[in-house]
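Paired with chain B in one complex and with chain C in the other, chain A is shared by the two complexes that follow.
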Partner chain A sequence: MGVFESSEKFEEVLVGFFRNLGDTPSIANKLLASKLIIRFTYSDPDLVVLVDCSGDKIDVRPGDKDTKAEVEMSMSADIAHKFWFGKVNLMAALTRRQMVAKGPIPKILNLLPAIKPSYAMYPKYLEEQGYSKYNIH
Partner chain B sequence: MGGYAGRILYVDLTSSRIEGKPLDLEFARRYIGGLGFGARIYLDLIRNRPDFDALSADNPFVLMTGPLTGMRMHAVARWTIGSRSPLTGFWGDCNIGGFFGAELKFAGYDGIVFTGEAHTPTYIAIEDDVVEIRDARKYWGKDVYTVNDGVITDHKGKSKKPGQVLGIGPAGENLVRFASIINNKGHVAGRTGLGAVWGAKKLKAIFVRGTGKLKVAHPNRFNSLREDLKHLYDGNITIEGLRAFGTASHMDLGIISGDIPIKNWQRTDWDRIDEIGPIAYGEKILTRNKSCYGCGVGCKREAEVKEGPFSFDKGPGPEYETIATFGTMCLNPSIESIGKANDICNRYGMDTVTCGSTIAFAIECFENGLINENDTGGLKLTWGNSETIVAMVEKIGKREGFGSILSEGSARAAEQIGGNASDFLTTVKGLEAPMHDPRAAHGYGLAYAVTPRGACHTASPIYSILGLGMYQPEIPELAEEISEMSSEGMAKLNIACQDFGMFFSNCAVFCNLGANILMASHAVDLVNHVTGFDYTIKEVMELGRRIWYLKRGLSNLFGARAKHDRLPRRLLTPMETGPTKGSVPDMDLMVKEFYKLRAFNEKGIPTKEILEELDLPELAELLYPSSSPPGHLHRLTMPDT
Partner chain C sequence: MIGKDVWNQFLFTSDEGNPMLPEFFEFHNPTRVVYGVGLASDFKAELDALGVRRYFIVSDKTINELGLVKRVVDGLRTGGFEIMGEFLEVPQDAEIKSVNACAEQAKASGAEGLIAIGGGSVIDAAKATNILVSEGGDLIQDYSGAQTLARPLKPLVAIPTTAGTGSEATIVAMIADEENRCKMAFTDRFLLPSLAVLDPEMTLSMPPKLTASTAMDALTHAVEAYVDLQRSPVSDALAVGAIELIFQNIIQATEQADDLEARGALLVASNMAGIAFSHSMVGCVHGMAHAVGGLHRVPHGVANAILLAYGMEYNFEQAKDKFVKLALFMGEKVSGLSVDNAARKAMEAVRKLTGTLNTMGALPLRLREVGIPEDALPAIAEAAVVDGTSFYNPREVVAEEILVHLRKAY
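What follows is the complex of A and B.
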C-alpha cells in the first residue's frame, strides 16, 4: 500500500495543500499570471484535482473531469507526495513515465519557479494540519 | 565506407610537413571515431617519449570527428579534441558542437593531428585538398571574434561558402591554463585548457572550407530511422525544455533537487536565483535561439546587453554552467554581468567553468582574509559584486596583476595564496568541478573522482541518467531503479555509463543534450546505417570499455594515481538544510567497488592483466615496463593537484 490509505484521505491532504498554496500571494500571483488550467490525475489511491488559474483567484476543484484543461498531469499519489517534498527529479520521473505531462511544455516549466517555495511549505503544512504521520523525515 | 571522410591530416608545425593519411577501415571499426581515434593516435605518438610538459613541442594535439559528424540530423554535429592538459597535467579532452567538424569532413578529413611547434604565429588553411600553413602574425594578440571574422574575410571570394574558423584568443597565447579553443565565436572546447597547448605551439587558428559530400552506407535505412526519430523528438519534455529555454532551464530544475552549487558549494538555496533563471534570461538578454550544424533542437542562445556597465554586442549567450559559475557560485544576481563575463571569456578564449569557479574560490579567500585589496589591485572581491567579477575575468584573460595568479586555475592559485586556501578548492585532479552537486546524486561523486580528465559530468552519461532523465532499458545496468542520494551500486552504474558513454558521446560523438532521448539501439543503428558496420549494443559497450581504459591509461601514464581519485573536502561537507540535507557520497565505498570492478591495483592503475585482456599491450608495456623490476610502475613527474 502507498502512503495514503484512501482517496478520501489523499484528497483531504492534497486539496488542503493546494488551497493553502492558492492563499499564498507570492505563489498564487505567479500561477494566476500563467492563466493555466491544470488537471492532476492520480492513482493508488485514485483522485482527480483541477487547479484553475484562469480567473482572479486559484480555484481548486477536486473531481472535475469535465473542464477542458490546457495541461494534464498524471502520476501515482506516492510520487506526488514525494514531489511536494522536493524529492523527485522531475526530468527523470517524466522520462521514466512515473509522471506524464501533456500540454505546452514551456508553460509547464515556467511554473517551476512559482512553486519552488511550496517544497518548504509542504512538510510544515502536514505538521500544522495534523498530518505529521505522512511527513518524510 | 560510409560516414567517414577517409583521411586524417597530419601537420608537423616544427618542420611545416603536411601529410594526409588514409583512414584504415579496421582501425575505424575498432576505435569508432572521436576520442577513440584521438586517444589511440595520441598514445602511438608519445609511446617512445612519454615524459614531456603539456606546453612543450613534444605534446601532440588531436582533433577528431565522429562517423556521424556532418550528417543532417539532430544532435550529431559534435567532434572532439585531446592532448595533455596544461591545467591538470593529465590527459585532457573536450567534446564540441558547432560547424567546424562538419566542414572538416566536407573538406575530406576525419581529423587533424598536430605535432611540434611553429616558430612564428601560424594558422592552417584547409580548402579541400589544398592545405597550407600560413602566417598569423597579424592575428596574434587579437580576440576570438576578430580572428574569426578576419580569417573568413581573408578567404572570401574563393567560394560561396564562408568556411569555418577554429581559433584561440589572447588567453591561449598568454598560456592561461584554462584557455579554450572556439569555433564560430560560441562553440567552445573549454575544459582542461587545451587552448594553451595551441598558444604554446603558436597555432592561432584553423580555417576550413569543404565542398565534398559525405556518403551514407545504407541511405534508405538511415533516412527511415531519421524520420522515425522526428516523432520521438516532437513533444519530448527534455527537447522542448532545451528549445524553449536552452540549458538555462536547469536553473529551475536543478534548484529543486539541490543540484546547483551556490556560494562556492556552501549552499543549495538562494532567494535571488530567479533573477538569473531562464525567465530573466529571456526577458533581459536573449535575442534569439541558435543551433549546431544540422540540428533542429536549437539549444544554443544568442544574447546582447545594449547599455550599462555590462553592455556587450550581440553574440553567443551564456550556457547553464556559465550562469552557475559566474552567478550562483559568486552570489551574483545580475544576468547582464553573467552575459558580459561570458562574452569576455569567449573573446579571450577561456573556459567559463574554471574561470567562474576560480573567481568564486578567490572571493572566499578574500572573505577569509587570505588576500586583500592590495593583492587584487584594488578590486573588492566580495560575494555578489558583479562589477568586480567582470573586471577580474578580463584581468585573468590578460594575465594582469592578481589575474595572473588566477589564470593558473584555482589549484595552483591556492598554492600561491597559501594559508588554508586549499580548503576552498572544488577541484579533482586540478580540474574545477562542473555545476552539479554530488551530494544531490552520489554517482556524480564517483564520476568526478575517477574520470581520466578530472571532475567531469560529460565523459559518461551518468549526469543524464541520474539528473536529466536518460533511460536505457536495453542496457540492464542502466535500467535499474535509481536512488540518487545513495552510494550503493553507483560503481556498477558508473562503469556501465563509462562504457556506453565512450561509444555514445566520445567516439560516435552524439550530443549529450540533444541525443539524450535516444535509445541505445537507435544510436547503434544510426552508426551502422551510416558506416555500413554491424555493431551490436554489446560490441559497442566492449569497444567503449577498451577505449575508456586507454584514456585512463594515458592519465595514469601522466602520473594519475589513487590519491587523485578523491573529491575535495568542500564537496563532501554535508548541508545543514535544503534538499540534500545530511547527504554525502560514500567515496570509500564507491571507489573501492569501482577499483575492484575495473581491476585497478591499489595505486589506481589498471592491472597489467586487464590491459592485456583488453588487447592494449602497448599501454601495458608503458605502465609496466618489462625492463623494470616486478611491480615497478612507469611514473612521470607530475604536479600534485
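What follows is the complex of A and C.
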C-alpha cells in the first residue's frame, strides 16, 4: 500500500498542488516559457495528469489521455510524492527506472532549476490544505 | 602547495562539494569488450557465445568502399555465420529516415542480430535500428527519452572504425530528427551492444585530421566525465586511464598512421572514455560543441578540440582540485606548485597538445578557422545553455559567461 489510499485522494492532493504552482508567477513563467505539454502517468494508485504549458496560463487537466504530449513521464505515486519534497534525485530515478521519461530529456532537465522552489512549497501546501498526514518529516 | 605525495593527497581525499562518494551511482557495463589486432576478421568464439547465427550488417558508404565491411563479412562467412542483408547507407549524422529504412530491411531479412561497422553515427543508427527490429513501433513517439525499454533487445555487435565516440560502450544513441531540425537522445541500458570488437586495423584508414579530432573527442569525454556532477569513483578511474593513453599516443597515431600500437591505445582509450561518460555524462564543452555543430555544421570532434581548454577554464573554480589530478595523467609536473597553478597545468597541457596537432596541420585552434562568424557567438552561447549537458556541468551554465569563453576561443 502506497502513501495515498485512493486515486481520488491522490488526484485531489497533486492536482491541487500543480494548480498552486501554476498560480505562482516565479515558477509558472519559467514553465510557460518552455511551452511544454507534459503527461504524468502514475501508478499505485493510478492517475493521469496533463500539464499544458503551451498557452498563456498553466492548464492542469486530470484524466487527459488524448492530448498529444511532448513529454510523457511515468512513475509510482510514492516516487512522485517524494519528488515534490526534493527527496528524489531525478537522474538516479531515471537510471533505476523508478521514472520513465519519453521525449526530449534535456527540456525536462532544464526545468529542474525552475521548479526547485516548489520543494519547499509542497510540505507547506500539505500542511495548509489539511493534508498534513502525508507530510514527510 | 602541492607536495611530493600528490598522488595520495588527491587520490584518497575529497574536496568540499565534490565528495569522493556520490549519494548514488550505478555502474552497469554488460558489453563484452574484446581487443586485438586483426580480431574484426575473426571473432567467431565471441559470436558463438551469443548463440546467434544470422546477422544483418549496418555500415556506411565510405567504410564499405574502404573494404572494411568485406573484411568483417568474409570472416563471418568463414566462421559459418549467415549474412542476411546489409544496409550501407547510414549518413554522416544518423537520422530517423535512414534508421526506419534500415530497420525495415533488417526485419525483412530474418536476421537474429545486428553488426555495426563504423563510427559513432553508424553505431548509433544500429542501436536505434535494434529498437525497431526488436520491439516495433515508432522510434520517436515510443522510445526517445530515458529508460523507455523494458527488456533486452536482439544481440548487437559494434566494431568501431574511429577512436573517438566510444558509442560501442555507451547507453546513448543520438538520432537526427530531420523534420524538427533537432537531435533526439535515446538513453537506455538495453541499447548497450552485446559485444564490442576493438581492432586497431579497422582504424588504420583514418586520415591524420580525423585521427586527431576523434581522439580529442575521446579526451573531451574523459575530462568532462571526470569533473561532472554525476561522476563516481568508477567513472573517474576509467576517465583518467583514457586521458593517460590519449596523451601518450595521439601525436604518434596522427603522425604515423600505420602505428598499430598507438592506434590500439587510442581505440581502447575511446572505449574507456565512452564507458566513463556513459555513466557520468558530459558538460559545458559538449554543450558548446553541440551548438557549434548544430548551428554551423562543425564536426563534433573538431568543435570539442577547439573548446576543451576554454570549457575547463569556465569550470576552473569548481573543478580545480580535479584538474590537479588530471595534470598528472596528462604528464605534467605539479610538485611545489599552488593548487591553482597546478590545476592550470591541465589546461596548459590541453593547449600544448592542440597546438602541436595544429602545427602538424591536423587541427584548427580557433572558432573563426572553422567558418563561424563572430556575430554568431551569442546564439551559440544561448544554445549551449539549453543543451542537456548543462545539467551535469559542475558550474551553472550561464550564457553571458559562456560567451566570454567563446570569444576567447574565437
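Here is the rule we go by: the second predicted complex is superposed on the first by the 137 of 137 C-alpha atoms of A that agree within 3 Å, B and C clash if a C-alpha of one lies under 4 Å from a C-alpha of the other, contacts with A are read in each partner's own complex, and residues count from 1 in each chain.
Keep this in mind: a residue touches a chain if its C-beta (ideal position, glycine included) is under 8 Å from a C-beta of that chain, and two chains touch if they have at least 3 such contacts.
Remember, predicted model here, so these are calculated numbers, not experimental data.
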Clash or fit, chain B versus chain C on superposed chain A: clash
Touched partner set for A:K116, first chain B, second chain C, both or neither: first
Which superposed partner A:K87 touches (first chain B, second chain C, both, neither): first
Segment of chain C that clashes with chain B, given the candidates 56-64, 74-82 or 380-388: 380-388
Interface residues of chain A shared between complexes with chain B and chain C: 89, 91-92, 94-96, 101, 105-106, 109-110, 112
Parts of chain B lying in touch with chain A, wherever the complex brings them together: 235, 237-238, 240-241, 244-245, 249, 252-253, 255-257, 274, 277-279, 466-471, 482, 484, 517, 579
Touching residues on chain A, where the partner in the complex is chain C: 71-72, 89, 91-92, 94-97, 99-106, 109-110, 112
For the chain C and chain A complex, residues of the former touching the latter: 23-24, 26, 141-148, 182, 184-185, 187, 230, 386-388, 390-391
Partner chain B, residues of chain A touching it in the complex: 86-87, 89-96, 101, 105-106, 108-110, 112-113, 116, 119
